[in-house]
Each structure stands twice: as C-alpha cells, then as structure tokens.
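The structure's right below; bear with me while I get my questions together.
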Amino acid sequence: MLDTAKADDTLLEVNNIEVIYNHVILVLKGVSLKVPKGGITALLGGNGAGKSTTLKAISGLLASERGEITKGSIQYHGESTQNRSPNDLVRGGIIQVMEGRHCFEHLTIEENLMTGAYTRSAAEAKAGLEMVYTYFPRLRERRKSQAGYTSGGEQQMCAIGRALMSKPETVLLDEPSMGLAPQLVEEIFSIVKNLNEQEGVSFLLAEQNTNVALRYAHYGYILESGRIVMDGDAADLRENPDVKEFYLGVGDEGRKSFRDVRSYRRRKRWLN
Amino acid sequence: MSPPNDTDSYTTPDGRTIGPVMLEVKNITLRFGGVVAIKDISFDIREGEIRAIIGPNGAGKSSMLNVINGFYHPQEGDILFRGEKRGPMKPFQIAQQGIARTFQNIALFKGMSTLDNIMTGRFTHMKAPVWKQAIWRGEAEREEIENRAFVERIIDFLEIQAIRKTPVGRLPYGLQKRVELGRALAAEPKLLLLDEPMAGMNVEEKEDMSRFILDVNDEFGTTIALIEHDMGVVMDISDRVVVLDYGRKIGDGTPAEVIANPEVIDAYLGVAHD
Amino acid sequence: MLYREAGDYKTSYSDDAQTFPIKLDRWWYYAVTFVAFFVVPFVLTDYTVNAIMLPFLIFSIAALGLNILTGYCGQLSLGTGGFMAVGAYATYKLMTAFPDLNIFFIVIISGVITAAVGVLFGLPSLRIKGFYLAVATLAAQFFLVWLFNKVPWFYNYSASGQINAPERTIFGQAVTGANAEPWVAYLFCLVFVFALAWLTRNLTRGRIGRSWMAIRDMDIAAEIIGVNPLRTKLSAFAVSSFFIGISGALFFSVYLGAAEVGEAFGIQKSFLVLFMVIIGGLGSVFGSFAGAAFMVLLPVFLKLFFVDMLGWPTDIAAHINFLVSGGLIVMFLIVEPHGLAALWRTVKEKLRLWPFPH
Amino acid sequence: MPIWLLNTLEVSINGLMTGVLYSLVALGFVLIFKSSGVFNYAQGVMALFAAQTLVGIQTGQVPFAHLINAITGGHIARFGFDVPSLLAILLTTLVMVVFAWVVVKVIMVRLVNQEPIILFMATIGLAYFMEGFGDLMWGAELKNLDVGLPSGGSFWIEDVTAQWAAQGEDYWGMYVDTLDIWATVIAVFLVAGLTIFAQYTKPGRAMRAVADDHQAALSVGISLNRIWIMVWSIAGFVALVAGIMWGTKSGVQFSLSLIALKALPVLMLGGFTSIPGAIVGGLIIGMGEKLFEFLIGVPFLGGATENWFAYVLALLFLVFRPQGLFGDKIIERV
Amino acid sequence: ELVFPTLDYRTGPYGPGGIPFADGYADYMTLLQERDGGIGGEPIRLVPCETGYNTERGVECYESTKGEGALVYQPLSTGITYQLIPKATADDIPIHSLGYGRTSAANGEVFSHVFNYPANYWDAASGIVNFLLEENDGDLEGKSIALVYHDSSFGTEPIRTLQMLSEKHGFELSLKAVSPPGNEQRSTWLEVRRERPDFVIMWGWGVQNSVAIQEAVNIRYPMNNFYGAWWSVSENDVIPAGAGADGYRAVMFHGVGSDYPVYDDIQEYVLDAGLAAGAGDQVGTVLYNRGMYAAMLAAEAVRTAQEIHGVSDIDAVMMRDGMEALVIDEARMEALGLPGFGPEFSVSCADHGGPGSSAIAEWDADRQSWTMISDFAEPDKELIDRLVLEDSNAYAAENNIPETRCE
C-alpha cells in the first residue's frame, strides 16, 4: 500500500548542499535529497548527523543561527529557495516544526495555535483550530494555559498543531515523536498519514523513532556526519541488516533487550 | 512478585540486591491555580533499584520529580528521605543531600564547555574557600585536579572524550542529553532522577544510554528514578514502575504487572504491548 | 597553518587547565607582559600615559569587574559609575584621614569597601532578574551619586564639593598628584591590572567561576544541582564591586586627580564600561582588555582623523564621532555579537585551518 | 479643607500628571520590548530626534547645514519658509517611519535570535548614532518647540480650588498645568488604542509571539520585518508625541533624551511588556517621587531625591513582583 | 606664534551653552589675527579641542595641546578646571577660569597658576544680595530668599556665601535643590508657589534654566524678583518662556548686547570674511560676549607679558607673569572698542580674583535683549576674602603648599 502512493513529480529538491555555522563549523558536506509531491520522506540518522540542519536549510531558518549554505541549491516547485525569507516560504506552503518545541511561552496554547494561522483568514483559522483540537483533545483542555507552563508533551502537541494551522503543502517535521507517550506517537503518525492521503500534504520528517517512521514513510534517507549514506524505499530500508541493527534494535536473533546490550558492536557496513 | 516490607532487602532475578525504602512520597497533592497536577499520590523508591515513572503527557511525571528535588512545593503531603520527614528546603540543599537529576528540556549551561558543565556537578564536593581559589596555587588547584580526574572518568565512561572542550550549546541534542547525565553523575548522587533521558535518540543511542544507566546502578549502587516513554526501555531496565494518569496513580508494580494492567493499557499504551 | 595546537600535548590536568594551554599563546602572553613592564615605561610621554594608558588600564579593571558580574554571572548592572564613585570617595576619605597610610593599601581598602556596598545593592538580585535587575541597579547609580553630592562629610566639607587627590608616594616616588612621573603612575596601575587579571582568571576557571556561569546560563538548573544562588550572586557582586572600586580609586587618585561625583561617575560611566564589556566580549578576560582599548582609543583616533587630518571643525567632528562610534558598535555586534574576543577566536580557528577554508 | 491637605493634594495631582509624561516615553519602550524582546535604550534619543526634526521642518531649516557649510564654506541655514504645525507633524511622522524602516533593515534583521543583552547593546549604539546624526542634521543648539499646545497654570482650576480652603485662609488655589492636562488626554487615547491593538488584533498577537521566540515566529511564517517596521514606526510616533510634550516644556536639545532615564523606573514598575502598565507605572512613580520629595526629601534629606527615589520605589515593587505590576510573568520551569 | 588651546564643548547636554562661548572666544582671536596680524605682531593660533563637558576628554585635550606651546588654558568646565589645577601648575602653564572653576583660586598665594578674575561665584551671590539691599533701602530683615540650585557642586557654590549673608542681613534663606539635568522641576516650583519667597535666586545650568524660567512664568512668579546666576542668562534660557520672561534679572560680570564698536570690526573682519567660528548667529548673545571677553582678557595678558619681557613670542611662563600683572582700565577698554564692557581691575601676585565686581541685567522680552540696570559694584569683599582664605588654606594644608610665594 505504501508503494502505491509513490511520487510522480518532485516537490522539493536538495542538491548537494554544504552548510557552515559561524563561518567555521562545517556540518553538511554535500547532502542531496528529494521530496516527492504527496510523499512522506523520512530522514534518519544519529545525533548530530545534521538532520535538523538540513531541515533548517530548507525552511530558511539557518540564517537566524548564523549558519549559511555555502554550496549547492534547494529547489521548491523547481524554484530556488535560497533568497526567500522563511515567512515567504511559509506562504509558499513549506512549514517547519522545530525540534525542541519552541512554543511561545507567554502566549496561551490557543494563541500559540492562532499564530500558526498568521498567514490565513480568521474563518480558516477557526476551522483549523477545531481540527487541531480534535486531533489533540489535551490541547483543548489546556487551551487557556500559558504554553510555558504546560508539560513537555503538551508543548510538542502545540508545536505540531501550530504548524498544521497554516494549512501547509509541505511539512518539515523535526522529531515529532520526541517526548510523546506511545499512544500519541501512533496518533501523530496516523495524523500525518491522514493528511498525506486525504489532503495531499507532503512530509519530510527527521525522526529518531525509526521504527514508526519507516512504517509510515514511503522513502527514507540515512544521514551520518553530514552525508547521506544510504537511501531507498522505506520497506527496503526496513529489511537492511544495518538499519535493522542500528536503527530498529533488531539483531539477527530478534529484538534485543536493552538490558543485554553488548559493549562491543559490529561496525556499520556503510562506513567502510 | 510483590516487594517485601519497607525495611527489608531482597534480591532481583538478575542478582542485584535492592535495599529498604530510600525515599517515600506520601499523599502528595500539587496544584497550579485550578490545575491539579498531582492528586494524593504515594509511592516509594528503594535503595538500589531502578524505578520507572510512566504516564501520558501532562500526567504529572515531571512535576513529581520537581517535587522530589524541591523545585515545586506541594500543597499537601510529605516526602520522607531515609525515613525522615523532610522539612521545607531549598533545591540546592536537597542537592547537597545527594539527589541529582536531569531535565526533560535540556538544562545545560549553554555557554560552558562539556568539561565545565560536568565539573559543575562536582560543586557539592568542592570546599576550597573563595580566597584560596583566587590564589589558585595550593588547595584550590589540588582540589580542582582531583575533581577533574573524577570527571574525566565520567567522560570516559560516557564516551564523550571528543567533545570535552566544545561549548555544549553547539552539541546535537543526543549528546547534550549525555552530558547532562554526566553532570548528574558527577555529583555522585545517592538518588538520581532522570526525566526522559532517551527522548530524541535512536535505538543505537538508547542502547548506549541504557547501558550507562545500568552500569551506574550496578557499579555505584546509585538508586535511579526514571521517566521514559519508550516502553521497550522501561520494560527492560526497570525494577518497578509507577504509572500516573492526570495526577492520579493508576498502577504500581513490576513492569510485567503494570503492562498487563488494563487501566494502564487504556490510559497510556493504547494497545497491548508485546 | 599559522596557528596550531597540534603537537602540543598535555600530560597532566594542571597543564591542561592552565591559562594558555597553547604554546604559541603562552609565548605571546610572556612577550606582552615583558613589554608592558619593561619596555613601555621607557617610551611613555605625558600624553600617552594620561590620555591613553591610564584610562585604558583603569577601565580594563572596571571592565574586568563588570565582566565578572555581567559576563560571567549574567547579572546585568548599570551601577558601575556609582560603584566607582564609592571607590573614589573611599580613597579620598582614607587619603585625607590617614595621610601616612600607603596609597597601595588605600586603594585595596577602597576596593573592599566598595565590595561591601556592592553586596548591599546586590541583594535584590535574588528576586529580580534580567533587564529588571539592570534598571534596578540604576537605583544604586543615582542614589550613590546623590549621596556623595549631598553629604559634605564625603568631600570633607570643601566649599566646592570637589575632591582632590593629594600627593602620595610609594618607594619615594609620587604616585598621585601632579608631580607623579608618567611611568610611575603607569606602573602603579599596571601592577593592579596584572594582579587583578590574574585573580579573575583564577576565579573564573575554578569552582566559583563555574558556579557564576551556571547561574548565568540557567539559574534554576544551577540551583537544582546544588549551587546556592544567593551566595553565588552576592559573591559575584562582591568581587565585581571590589574590582570596580579599585578602578574608581585609581581613576580618581592617579588619573584625574580631582573629581566631582556627578561629572566623573555619572550614568555615562556605567554605560561606557558596559560597552567595553559587550564590545570586548562577555565572559572573557581578553575581551575586557580589548573592549577597554577599543573604547579608549576610538575617540582618540576619530579625533585624529577628522580634526587633525581632515581639519574639520571640532563640533562637526564631535557629532561625527558619536555617529561613527554608534555605527561601529552596531556594526561590530552584527559581525560578531559575542564581541572582539569571539572575533579573535574565530580568526584563530580560521588560522588553524589556514590555508584550507574549513 | 486644611491647607496642608490641599497642598498634598496639589503635589499628588501634579505628580500624577508628570507621571503621565513619563509614561509617554515608557510606552515606546514597552511597544518595542513587547514585539521583539529588545530593550530599546534609544527611545529617549528617538524622542529628541523626532522633536528636532519637527522643529527643523516647522522652521524650514536646511538639514545638514553645518556639514554642508563646513565642506563648501557656504552659509546656508534656512529655506526661508515655515511649515504649518500639523503638516510638520505629519512629515515628521513620515520621517520616523523611514527611520523605523532603516533600523529594522540594517540592524534588527541581522540580529535575529541573539541574546537580549546584545540587542540592548545595539540599541545603545543606535542611540549614539542618532544623537550624532540628529545634531549633525539639525544642529545642537537649543530650539524652541511650539505647536500651539496651551501651557501654564489653569486659571479655572485655580479659582475653583481656591474656594476649598477654609474661610479666611490665604490660599491661591491649586496649580495644574494645561499642558499636562493635554498630555494626559493624549496618553489615555494612545494607551487605550495600543492596548486594544496588542491584545486583540492579529498583528498584536504576532508581535507578542515574536518577542517570545524570534526563530519560532519565523518558522510559523511571521514576517519579522513587517512586524518590526510597524512597531518601530509606532514607537517612533509615540516618541514624537513624547518629544512634543517634553520639547514644549523644556525646549529641544540634548537633555531631552535623558527623560528616558525617568521612563525606566516607570517601565520597571509597570512591567516591560504591559501597555497599561506603562501608564499605571507612570502614575505611581510620578506621584510617589513628588510626594516623597514633598514630605520627606525636602524637609529631611536636602531635596533633589527624585532621580533616585523613582528607582528605589520601583525596586520595592519589584521585590514583591519581579515582573512589575502588569508585566508577563517570568516563566521559570525546568 | 601664540598658541591658545580652547577646550570647547559644542555637544552634549550643555552644548547649547558651550557653542556661543566658543564662538565668541574664537571670533575675537580671529579678529586680532585678521585686523592686527596677531598680538604685538605675533600671529595667533587657536587649537580647538572638543571636550563635550566630559572630564576625561578634558584631560586628553589638555595633554594633546600642552605640547604645542599652549599659553593659557580656558577649561570651560569646573570639573576639568579642578583636574588641571595641579597638572598645569606642575607644567607651569596658567589657567584662566572666567566666572567658574575653583572659587578659592582667587588666592594667588596658594594657586600660583590659576586665575579667576574678574569675579567668582561667591562674588556673584554677594553681588545679587547687595543689589537687593540697594533696592530695599539697605534692609533685607525678614525677607525671604529661595535659592533654586543645580544639585551638583556647581549649584552648591553660593550656599555658604548666602548663608553667611543671611546671618548678616537677617533674611531667611531656603534651599531648593533641582535634580540634574532639570527637565522636570514641578515640585520645586510648587514649593516656591506655596512659600512665595520675596526673591528667588537661581544657580542653574543647561536645560535647568529654561525649564525654571518657564515654570516661574507659569506660576506667575514676579520676574523682577527672580535673579539668575551668570550661567543662567543665556538668551536660550529666556526666549522659550516668551513674553512672560520679561523682567527676569541676572548677575553679570561683563557687558551685554552688541552695542560696542568692536562688533563692527568683528562684522567686518570675521563674519563678512566668512571666518566665523560657528554658524555666525550667536554674535551679541550673552555667552558669546563672555567668550569674547575671555579672549580679550587673554590677549591683554599677552600684551602685558610682551611688555614685561620685551619679546613678542612669549611662552607660558611669561604669560603667567603677564596675567599676574594685568591691568584693565576704562581707557584700555575704550581703546579695544569695548567701553564699559567690564569692571576696571588689576591682578596681583596674591590676588588672582580681581575685584569681584558685578552688575545686574534685566531681560526685555519685547526687544529680546538684555539691559544693564546697575553699574559694576564690588561685593562684600571682607566676607568673601575670608571664605576664600579658609578654603584655599585647607587646600594648601592638604597638598603641602607653602603660603609664602608672594612675599
């Protein structure tokens, strides 16, 4: 079923980009990837691989962290995004959910969500609000609380909900499942799937929860130390022995217990 | 298997000894204005065990840790540490008692290097007066070097040698979590509170983290209370689990007991876990 | 690779914890110290001492002090001018009450007195944070200026309300007063600068420095890991005020020789020192020096350029001076928000990689 | 009523109105802080610059005349025509909008996501720059500002209140300045309008979002540029209003920018993020400092306590409410 | 070559006051240069240096100009004067602080290099009181005088003198401090309005002046009873208050207006020649006149020094001698095109302060000009000399200065 939703044309294309922070720290060393229209693409990789950096490069948020794209290009709908400001890109349909929540602390949950609809009309915003509340009933309960005082998971829901408020064409999700209860993780991904199938929203998600990510994604890229080391259909990736061992926690003998992890581990094959 | 009396010790199936109750939380109620974050909750943590706290988002887990280390002051209820009722104390005094923790939203000192961050964990172990530190040579330097040696062991242990001198603000999320663990460990705590230490990690990294936690528990006999949403981890490494649901306690027992509890499945897991 | 650390191995933690772990830096430092102590005194003129060196050295001390409070401990303060006044008036009172007390000790005691005052005004910092604290420190600024102006005891009931530094000597050489040789005044200040910079370094690399930085970066977390916030903040206020008091004492006694509190220690001083700290780099000893040098030299250079070279009228030059200093400050912040020290670090990192771009 | 009571009342009322004048300056601070987390030290200099520009336009001064003369050796000073007040105010507003645009384009957008202290520093740099720029453009000499606002004691109030004193007492009636009354009316309108704007409109909400987290605001598609230009323009307009009031009172020259220092305690007391706080803070500070000077300062302390007392008063409030009376609560969580 | 450094301030909070003074000083020197080719045939060079009224800038200015052969310093700020007193003394360069600076510097025994002729602050205070005495038939018994002063060392200068005088003449003195800069003085003036003192004396500077005059007009204080110090007399201070300021009085130690022959020369040789120091729009204002007066006194001292030493290219040491031997009499002023512009006086080794004579001027709002309403008259010399001696002796004791210089 996953394969049927396969993309026909490319929506977002990242071509061999290189990113440097603060003029000296080279983080991405030539990353290329494609997000097809109506697809769910997963970006996997360990800590510090550069997933968040890639997403920020796409959404134009790099500049605010003193990072810059020094090589390569990013194209959305075939047009370069390089000189477009983040708000312009949001109007153009790309929105990013940043890692680490980033809610507006002093605004209430509802105001937070409303800012998500900044680019839309009041009526649309109202409808969007209803939608988000049906997705996340917990947010409805806490809608009058200042976001700064809500729990980690509530903030995460708020951040995701806020992005959905802009009725995006493409969503860049940075670790959506982080800090969410298992039940909610499944829920979030089914929302993703829903939006993808029913509204044709495309997703690029950076995820650590590889297990779930590869279950819902169509295509996956694996990023390590600033380079794409592997890519393929999600289904294929799930069968790859390295991915299995390092990202899914399934060894040759089935799922390993966290209690029995050995100190010594096999080297990843793509490293040599 | 139900645990024995508060004062007894017992041995786990994998051969570790769990001591008597170290910290007891009694009838805690915590309210923020109209929101009741914790409602009349009691449970205990035993010497040497790994105690997991789970529950849906907003259930009050982090608030519980905040109560234990004195950042929140509950309206009702008591905390007993090693059998003694704890009076009103400031968080730093509680830290000096030997309770350390990590935070859900990383709370590292962003402007400092990894090494310095972990060294701050040694704060309660360093005693040289300010004027000696100003002179540096002598006691202050000696103390500094001794503690540095200790911290280097932690750095080795957590395998973060390469980022020793890097400002932590630049580190990727997962490494920051590791540094935070290092900082808590540096305090040589008797009780270590971990708030979602593995959020935002992939399996490989979670395995590492689990190993660190188990090793700390094993080698130093540190008691650990841990909040985690990854049920795999909780099942595998914890001795007992307490389940919160919107301020109430809905389950308490071994992982196996808890996971079979229909109320827990309903409120938290969604589907029965394998 | 013009600048390197490779090949410079450390075998002990004390080696690794030293101030300049990199050999090249260390040599630089030795050279600069040598020049400062043994070469500069011989080439000084009245102008270079009184217009450049003394203000530079004295403001460096103030900047170090404020950097401890603001840069290391994160407590934004705009009371620097007031605290400098405390140092100055303490010195004046001590100088006139104990004419035989050595000026060196007078300066140090003035620092201690200022530290006590600093602690007093630091008390609200336990509850008040960020810009609120900054504005609150203005209470100290205005109150102290008012006090020194209002209570004649502070200026020995002189008719003019001004204080004058009488001549005092060290080893038979006049340090204060008009007969002080330039090189003596310079060396006297330099000794303080050197000692205080060394103290700053020691304090900031050890436990207390880390607790300051912890409070700065995240005070709640710091408290939860066992840092006593009140003690830590007050210690920062005390040490910082001690430094600022000394700088005020030298500013009055060695540099100006006379002062009136409102003119010499007004709020502009507070801003000036804050400028130095931020332009130089928060939380950096080197930055304090760089910032002080920048702010002392900038007007001199601008004057040199517009008045002496272009021959423009002084008032237009003065307006342009404002315009350019303001513009430069903004420009520096845009290029490197973390100040000259960070700029220098980036340059070093680039040099380390040079000639490769990354 | 006994005379001492009348006198105390008079001091209080005048204090309240002076406080309103402080509030006018504080308002500009609040707007910018609320929309970007920037503590805009340049607000005082903006008021000065606005007033200078207004007078300059009104009297048909040639901008940069000094500089031009210095370079060309000429003697130009004025165009030789006067511009009516209202038009001049309009033109000055326009200048302030252009100014806002430049500040945002040149400084603010390049310092997105930086720590507050850095932004604060940048505004001090800006203040220096503008000070030099304003003087260069319009000259540093004292100028007289008159847009036709009435000033001086109100006879009517004086007459009415003179009756309040007990029979036979020698009392002149209460002194209330008409300029202050005007300032109060204008301030009330400004505060009401701005409060509604910030609290209930979409740009208002966006403004508060930006203050919390620049990056997150960018990520949801808020144009920092637009918000900031708008807010700095409004702040420029508020500065103009403050400049007119203070300029009418004390002439236009450098010291005008120092009223910013009187606005700071107001701000601190009211809360950096609250528009109504600015006015309430102003009232408390104004009345507090005047009463203190009247009851304690002059009789016991030798007077001139106003400068520091305002700060001490604000400090006392802060010890109990660290975010000021109406400021957003400082969120402390782990 | 005769080098005159001028420590001006054309910027900052007191800029509006500094500009006309600096213009006047420079224009007069330019006039001498253009008309007479210098002083005694020796060309003049002005070295302007902007201090912005800032003490550290002042030090920098002093150090950077003293090497150029500076003859005399006009620090133009009390704070800077205080710093320069010991420095310039050590460097053997005289200082002339005209109507500001250290009052007790009038004692030449102690302050060998500092001159503050022809009058100082204490003279001014006494001058005002003397004028009041005259107006009130020599009796101030039971009258009340309020002193509204800048709360700084400048503002507190007259307090001692006035207190002594109040004891002597039996008037009641009340002190009203104004917080600098003085943008806001409502409480002070409400107080004045309540207490209705018979006279108000103001020791103000900068924005304080214009605000005070405006407030006084607002509370309808009779302007004829309102006396300003000589730094509260600028046209800038009175013009904003409009017609209400009519009748405001101030104490002066030099003439007002541009009704002197020298102004024709200034017009001809300086303004028309395009050599004006500033915008050229300050000529004839009070502070311009003061700057010009300072320049005139400096030039006369040079002339005296040239006569004493018989050389035209004098140095600072000779300049000091010239200042110490300076004699200004009516004939000389007449010759300079400034008849009656200031008091006649002579300086001596022990007396660096001159006679302390002052006069009262009144503002005419219609004609927008000042008129002298009294002649130059000496202050209460006995009292002031006592105060000067007291203060200068204290300084001498603190700084180990022997007081036998002039014997």
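In this document, chain identifiers A, B, C, D and E correspond to the written order of the chains, with residue numbering beginning at 1 in each.
Following the convention adopted for this analysis, a contact is a pair of C-beta atoms (placed from the backbone, for glycine too) under 8 Å apart; a residue touches a chain by one contact, two chains touch by 3 or more.
Not measured: the values here are computed from a predicted model.
Within the contact network of the assembly, the step distance from chain D to chain E comes to 1. Touching chain C and chain E at once are the following chains: D. Looking at B-C and C-D, the interface holding more C-beta pairs in contact is that of C-D.
For chain C, the chain whose average C-alpha position is most distant is A. Summarising the inter-chain layout, the chain whose CA centre lies farthest from the centre of chain B is E.
Annotation: 47 Å between the Cα-based centres of chain A and chain C. For the pair chain B and chain D, the distance between mean C-alpha positions equals 50 Å. The distance from the centre of chain B to the centre of chain E, each centre being the mean of the chain's C-alpha atoms, comes to 74 Å. Chain B has its Cα centroid 29 Å from the Cα centroid of chain A. The set of chain B residues that touch two or more partner chains comprises 71, 103-105, 107. Taken residue by residue, chain A touches two or more other chains at 149, whereas all remaining positions touch fewer. Within chain E, the positions touching two or more other chains are listed as 10-11, 19, 151, 179-180. Every pair of chains that touch is listed here: A-B, A-C, A-D, B-C, B-D, C-D, C-E, D-E. Listing the residues of chain A that touch chain C in their complex gives 20, 22-24, 26.
By the touch criterion given at the top, residues 8, 10-11, 19, 48-50, 52-57, 59-60, 62-64, 66-67, 77-79, 82-83, 85-87, 89-91, 102-104, 151-153, 156-157, 160, 179-180, 277-278, 387, 390-391, 394-395, 398-400 of chain E touch chain C in their complex. Looking at the complex, you find that chain C touches chain D at residues 70, 76, 124, 127-132, 134-136, 138-139, 142-143, 145-146, 150, 220-221, 224, 267, 271, 274-275, 278-279, 282, 312-313, 315-316, 319-330, 333-334, 337-338.
Contact residues on chain C toward chain B in their complex (touch as defined above): 12-14, 17, 199, 202-203, 206-208, 210-211, 213-214, 216-218, 220-229, 235, 239, 283. Partner chain B is touched in their complex by these residues of chain D: 334.
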